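There are structures below to look over.
Paired with chain B in one complex and with chain C in the other, chain A is shared by the two complexes that follow.
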Partner chain A sequence: MIAIRRDPAAAALALMVAAAIAFGLGYPLANVLGQAVLDDLGRFDVAPIVRIFSFPVPRAVVVNSLLMGVLAATMGTLLGFAFALTTARAVRGPHRSALHYIALLPLIAPPFALALSTIFLFGRQGLLTRGLFHWETDPYGLTGLLFVQTITFFPVAYLIFDALVRQLDPALEEAALNLGASRGRILRTVVIPLLRPGFAAAFLIIFVESLADLANPLLIGGDFNVLASSAYLAIIGEFDTRKAVAYSVVLMLPSLLAYFAQRIWVGESSVVTVTGKPSGGRAQRLGASFRVGLLVVTGTVAVLVLLLYLTVLAGAFTKLLGIDNTVTLDNFKFVLGGIGTRAMTDTTFLSAVAAPIAALLGLATAYLVVRTKVPGRTVFDYVVMLGAAAPGIVLGLGILLAFNHRPFLLSGTAVIFIIAFVIRTAPVSLRTTVAALLQIDPSLEQASANLGAGAATTFRRITLPLVRRAVLSGAIFSFTRNMTTLSTIALLVTPNWRIMTSQILNEIDAQRLGSGAAYSTILIVIVLAAVITLNRVFGKAPIEVGA
Partner chain B sequence: MTADLVLRHLEKRFPNGTVAVDGIDLEVGAGELVALLGPSGCGKTTTLRMVAGFEDPSAGTIELGGKRIDVLPPDRRGATMVFQGYALFPHLSVFENVGYGLRVRRVGGQALRDKVHAALELVGLEGLGDRRPQQLSGGQQQRVALARALILEPKLLLFDEPLSNLDAKLREQMRLEIRTLQQRVGITSLYVTHDQAEAMTLADRIAVMDRGRIAQLGTPREIYEEPADRLVAAFVGHANFTAGIIRGRRGDTLIVETLGASRPTSFAPGVYAEGDQVDVMIRPEEVHVVPAGADGAIAGTVVASSFLGGSALYQLLAGGVELQATVPMERGVPLQPAGAAVGLRVRDGAFRAFPAGSVPREGAARG
Partner chain C sequence: MKRAMAIIAALGVLIAACGGAAAPAGAGQPAASATTAANSGPCGPKGTGSLTILGTPQEEYIQGVAKAFEAECGIKTTYVRLSSGEAVAKLTADKANPQFSVWWGGPADGFIAANNAGLLEAYKPKLFDKIPAQYRDPNGVWTGIYVGALGLAVNTKVLKDKNLPEPTSWADLAKPMYKGQISMAHPASSGTAYTMVATQAFLNNKDLEKTFAYLKQFHANVLQYQKTGAAPARIAGQGEVAIGVVFSHDTVAAIEEGFKDLKVVFPSEGTGYEIGGEALVKNAPDPIAGKTFLDWALSVKAQELAATFKAYQIPTNPDAKVSEKSVKLSTVKTVSYDFQWAGDNKKAIVDRFSNEVAPAPK
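Right after this comes the complex of A and B.
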């Protein structure tokens, strides 16, 4: 490491990373904050923002958001824990694998898919509710929103718990059993306490994601307005920048607090890496009745997840699912004949360009943080993480405000999408690469230096090959995230570049649920095809959470 | 022997205030292997890492072949290292691992292949070049690490507890191999270990370290037979201690009254005067167990006895002092059981006196 410290390359790297984040992240967020604390003449004045929250509606929006975040985080965490416990302790073999992959399915869903099929299944014309049981239901509002968010976000908790459970040393449970503890007692006194960091991490991450979620509140929230959707509607419906800024600033606070609380309390343990060395021994199975209870819950949810996915497909291939179930390709014809094809190529192109850049930014920052002695290097870590911690809509608003005037007049160009994508997804790449770097014993790099290699050679020949997989998985994650994000780009779309998620929103707004489903299907196919191909070509990359 | 590696007043203070190395002076001759021996935490690794260039000394200098190297970056020092965990590159084959240093120096093609093969042959790994390090046994990995360090024909070879990951049997075998190889190649070496048997087998000279300083520097024999202080005595081999009083001086021996008689005793550096209390050390193999009541023997009792194969280990009590004795075993001769009364004999030259002091620290003595 001394070789690297003496290497001016580290300083140059630090400058480059600093410039990139200042431009792509710092400047946009400064624009949002600027609008929040300055009046129209540029004087410091917070009165306009404060005045907005003197009205009851915006206040209700704040309360709604926090309520939704807390409830979704609680439910998502518990469900994720139930799934992890089931796959680790209640089922084996092919059933385990099936449950595992079904639990991961919602991670690759574009933001609307689940809400859309929920409307198909449980809506006013719902296939299940009205069609099967003749119930009058209304999913629009907090209930529907929570249902969709729980299904959308529980996989995050599942991944966290799954990794932690796997790292548990079975010898501990055997020891407890050997000392006379019952199975229930082992769960209560050994397993759950050891997973405590997982509960904190899962709750906080889902809380942040739930607050930042734009698609579901727009689609299924009904009159239940939250901060993210209100900020969006303030711009799109009322052209009221100040109001959007007000909602954004208030949205930032709990998001950042929760996010960084998670980082500080839970640290790297929430990053999914498999480091546990099994010391032999067998994990203890659960008591029979508890096991059955778990299986009922997770089995039902798994069936529901599959059903929701099939419903998207069904919705895409029928005239109007639930009302006119004629099988047809019309939806696809409509989508692909219209601007759908443009949207497909545009979105894929922008996502693919941004992905490697995001991965490299993550790698550069991770290297800086873990392997150099540049003063203030941990600050880089926290600042880059802002890109994931800040809600997408806020980032989008910042980019909108920052780049629609000189000196960086970029609105309408591909560049602003790429900036948005890179800033938004570099944090995941940063986390995976930091985890990978931390696992490389420093003696490997020292051995290289000891054999006569300079810092650059050591990086190229030793470090890079060893973190290659993490960088790659960062890039793949970035690509899928870019393809499926709505909140970050919702405010940036112009006729120049078409983005699929934004098109889906338009279709659903226009009550064309069928073509919305067709779009969603195409999006899922593109993402799956890309992930599978990349994994084939470059070797298996794990799915990562943490952003 | 001309000095090749020279450490002068070397010191290391870590930012947290720990003084890991507290002023070391050491000269290693050309082709010599010096072992740094000492309990865990005494500063061995830190010393080695300063020589390799992974830590900057807080004070002092390091010279190699007459040139200051402490000012050079680690990749320019010409001192290659065998790491504790071997630090083999997991993504490179054995061949590429061994050839790494040459590649970095832009050696390629046939020249590279020839040298790598020669190096693999030197350590007895012909034909394993295509394997990954993970596919080798611990001993083989150890040899790869050795080949990788030797191939560069360094001026100095550094070892940081290279055998600590191996099991006992392999460790003994590798000790001898390393020794043979090092002597064949004739390379100046600094070898860190906390295992005194390893240091004894391998080293031309041993530097026993204690709390960041060198407590004694000498050949294995000097260290064992003439330890400079109680700590060295206790760390290298087992040492029995009894109390004694100085009754006189004859040339370069003291006359010390201990175990019921006056005995000529060699002594460690220190200030001694008649009537002083001293601690007297006797090595276990110098305590001979004879039948009780034998002429001139010290009366003792067996506390415990155990059979070790070629020898037996006795715990004995004589005049209130606990003594350990190792005695060669002869086929058919029974062990004395616990409680048996025996006689003890110790050769006159086998006593060594130290200024009376505290009992050696337990943790330190174990290492």
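Right after this comes the complex of A and C.
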């Protein structure tokens, strides 16, 4: 640790990360968030924030948002953990792979697709609820919203836990077993405490992301108004940027609190499981009844996920699903005949360029935060997290305002999209990598340093291979979210670069659900292909240390 | 890992290349020259020969118009589609470095808001005087390109299932029997929904107390306020609700897309209508090509294009043929719609709606 800290390479890294964060993140965010406390003439004025708390309507919006955030984060985290435990311990072979990919599928959530499918399956005229069971359901409101949010966000928790559960040292569990602990007790007292950084990371990310999410509350939230949709309406409908920014700042406060809460909760307690020392034994199988319970939960959710995606697919290949079910290829012809092809290549290119940058920024920041004592490192950590906490439309506005004049004249170029994508997705990469780094015994790196390797060599030869899976997860997540984000890029649109999600919005607006579904299907296929390729190329090599 | 690094390095080079390639496109446009030859055809001077349109109608229509203009006038034309509210937000954010020369389509109150924010440049297109006076701004800030009446998208099948009578008036929509059966967009995000709210104000002689008393009763029947104005046609079409409040041309388009249980009903008290506007953006990257486009868009030929792209609004140029699928305004009872009043009072009314109506318990 000491050797790394004194190494000039660490200082250089810190400077580079600081510069990148300040330019790409701090500058645009400050540009727009400053408006919460400064009026048009630059005078200090917090009236817009005060107004939110002085009236019952905006106060209710704050309470609603917190309620939704906490519930979605709790359900999503638990579900993600259940899936990780299932794929690591309860199923094997092809079932494992199938469940793994189904759990990751909702990461690829083109805007509107899941909410529209939910309405189609479970709405008032729902195919399942009304058609099969003759139930009069009403998903509009908190229930429907939580359902869609949980399905949309649990894969993030799964991504985090998947990397962590597999790196647990089986020897610890074996030791507990030898001491007479039951399987349930081992899970409670050994496994879960060791996964604390994972729980913290997953809860924080889902809390923050579900608060910032726009499309789901707009489509299925009913009268349940939340901060993100209120901020959006303030900009789009009332042209009142300061009001929107005030909502955003209020939106970020709970995120900030959640951030500090998770830091305190994870604390200094050691969760190291990757020690490099030879470890005996195999991962413990789960108790039979527990395993069955787990399989029922994850199996049910997996079926739901598949149904939702099959609905999108069915929508793409029919004239107007539910009303005219004639099978047709017209939707694809329409999409590929228009600007769909350009939107596909443009969006894929921009997303692919931004993904490794987001992953590397997350890795560099995580390394600084966990492994060095560079002053101000927690500030980096929090500023990067803000990128996920701001409502997309406000973030997009900030980026546009920051980069539409000299010397940073970037509007209309690819760079502005890449900056937006990186800001938005680096936080997840950061959290997954922080959680993974905390699992690794620093003595591994110390040993390398003692043997004469510099920080850079140690990082490349020891640290990087050990966190590779987490970095890969970050890159996959980034690519996927870049392909599916709408509110962040809504105001960045330019004829030079066509973005698939805004084309989907245009189709839905023009009542062409079929073409919207066709776009969504193409998008899902592109992302699936990319994820499978990335996993094949980078994911399979064995992790040498401790094996 | 080497492979990964190589890929990342290659991507880095690509970004640099893109940044470099895109920069001159934005920066290289010469200042507008004042010397423009008088031109008598439908196509005026070309300016820099390229034009970027910010469009608000449905995309197929904008795309078709952009292509037709490019083909006829030889000006390379690109476009971006944004909803009316997003368009104003985008123009505001772009103010320091405007990306678009013209804003084409979308309800007039958006243009009034944009003008109040200093985002538009007055320009009277060649056919300005040909357009009826009620369909344009007297100073040429914006000129109407189409008109469309507000109506109800009624799902006859759902009404039958629920044993509900067909609504025929705004008053009907406030009756408790339609509880949870109405869909409308939020007037903050949708010009359509704002047109409905303003229509109620005009029916009540601009008495806001009476207007909001009605809206509160109406609110009790609304399932959920949508983001975009045309969405209720889809929601009613899918049978999630019985009634959508939308522009009649959007309902006609939805029926064409296959929502066959829908029909258009006009409230008996009289309904509101929208004027779709067009305007020149202030400090436009190419005001000359922009003006040429604004002139061209009012021509009979350009206006008759609309129906071929399933845009069934009524053209404002009286010489243009009205599609058989369009609802003729003369056959519909309309309120006397004061666009300036609606535009000037929008912020206050929307604010009040957001605070008093939308969050009220049902």
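Assume the second predicted complex is superposed on the first by the 287 of 547 C-alpha atoms of A that agree within 3 Å, B and C clash if a C-alpha of one lies under 4 Å from a C-alpha of the other, contacts with A are read in each partner's own complex, and residues count from 1 in each chain.
Criterion: a contact is a pair of C-beta atoms (placed from the backbone, for glycine too) under 8 Å apart; a residue touches a chain by one contact, two chains touch by 3 or more.
As the structure is a computational prediction, the values presented were derived from the model and not from experiment.
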item	value
Which superposed partner A:L466 touches (first chain B, second chain C, both, neither)	first
Chain B versus chain C as contact partner of A:L451, first or second or both or neither	first
Partner chain(s) touched by A:V50 [first = chain B, second = chain C, both, neither]	neither
First, second, both or neither for A:L306, with chain B first and chain C second	neither
Contacts of A:L15 with chain B and chain C, given as first, second, both or neither	neither
Contacts of A:L528 with chain B and chain C, given as first, second, both or neither	neither
Which of chain B and chain C A:D441 touches, first, second, both or neither	first
Of chain B and chain C, the chain that contacts the larger number of chain A residues	C
Touching partner for A:L360 - first (chain B), second (chain C), both, neither	second
Residues of chain A at both interfaces, chain B in one complex, chain C in the other	465
Chain A contact footprint on chain C (complex, rising order)	1, 3-4, 7-8, 11, 14-15, 18-19, 22-23, 25-27, 52, 58-60, 63, 78-83, 85-86, 88-90, 92-94, 96-97, 99, 113, 117, 180, 186-190, 223-224, 226-228, 230-231, 233-234, 237-241, 250, 253-254, 257-261, 347, 350-351, 354-355, 358-359, 362
Residues of chain A defined as touching chain B within the complex	1-3, 6, 441, 443-444, 446-454, 457, 461-462, 465-466
Chain C contact footprint on chain A (complex, rising order)	55, 57, 60, 119-120, 123-125, 138, 140, 218, 221-223, 225, 232-241, 319-320, 322-324, 338-339, 349, 352-353, 356-357, 360, 397, 400-401, 404-405, 409-415, 418, 460, 464-465, 468, 490-491, 493-496, 502-503, 506-513, 537-538
Footprint of chain A on chain B - complex, ascending	52-56, 73-76, 79-81, 83-85, 87, 89-91, 100-101, 104-105, 148-149, 152
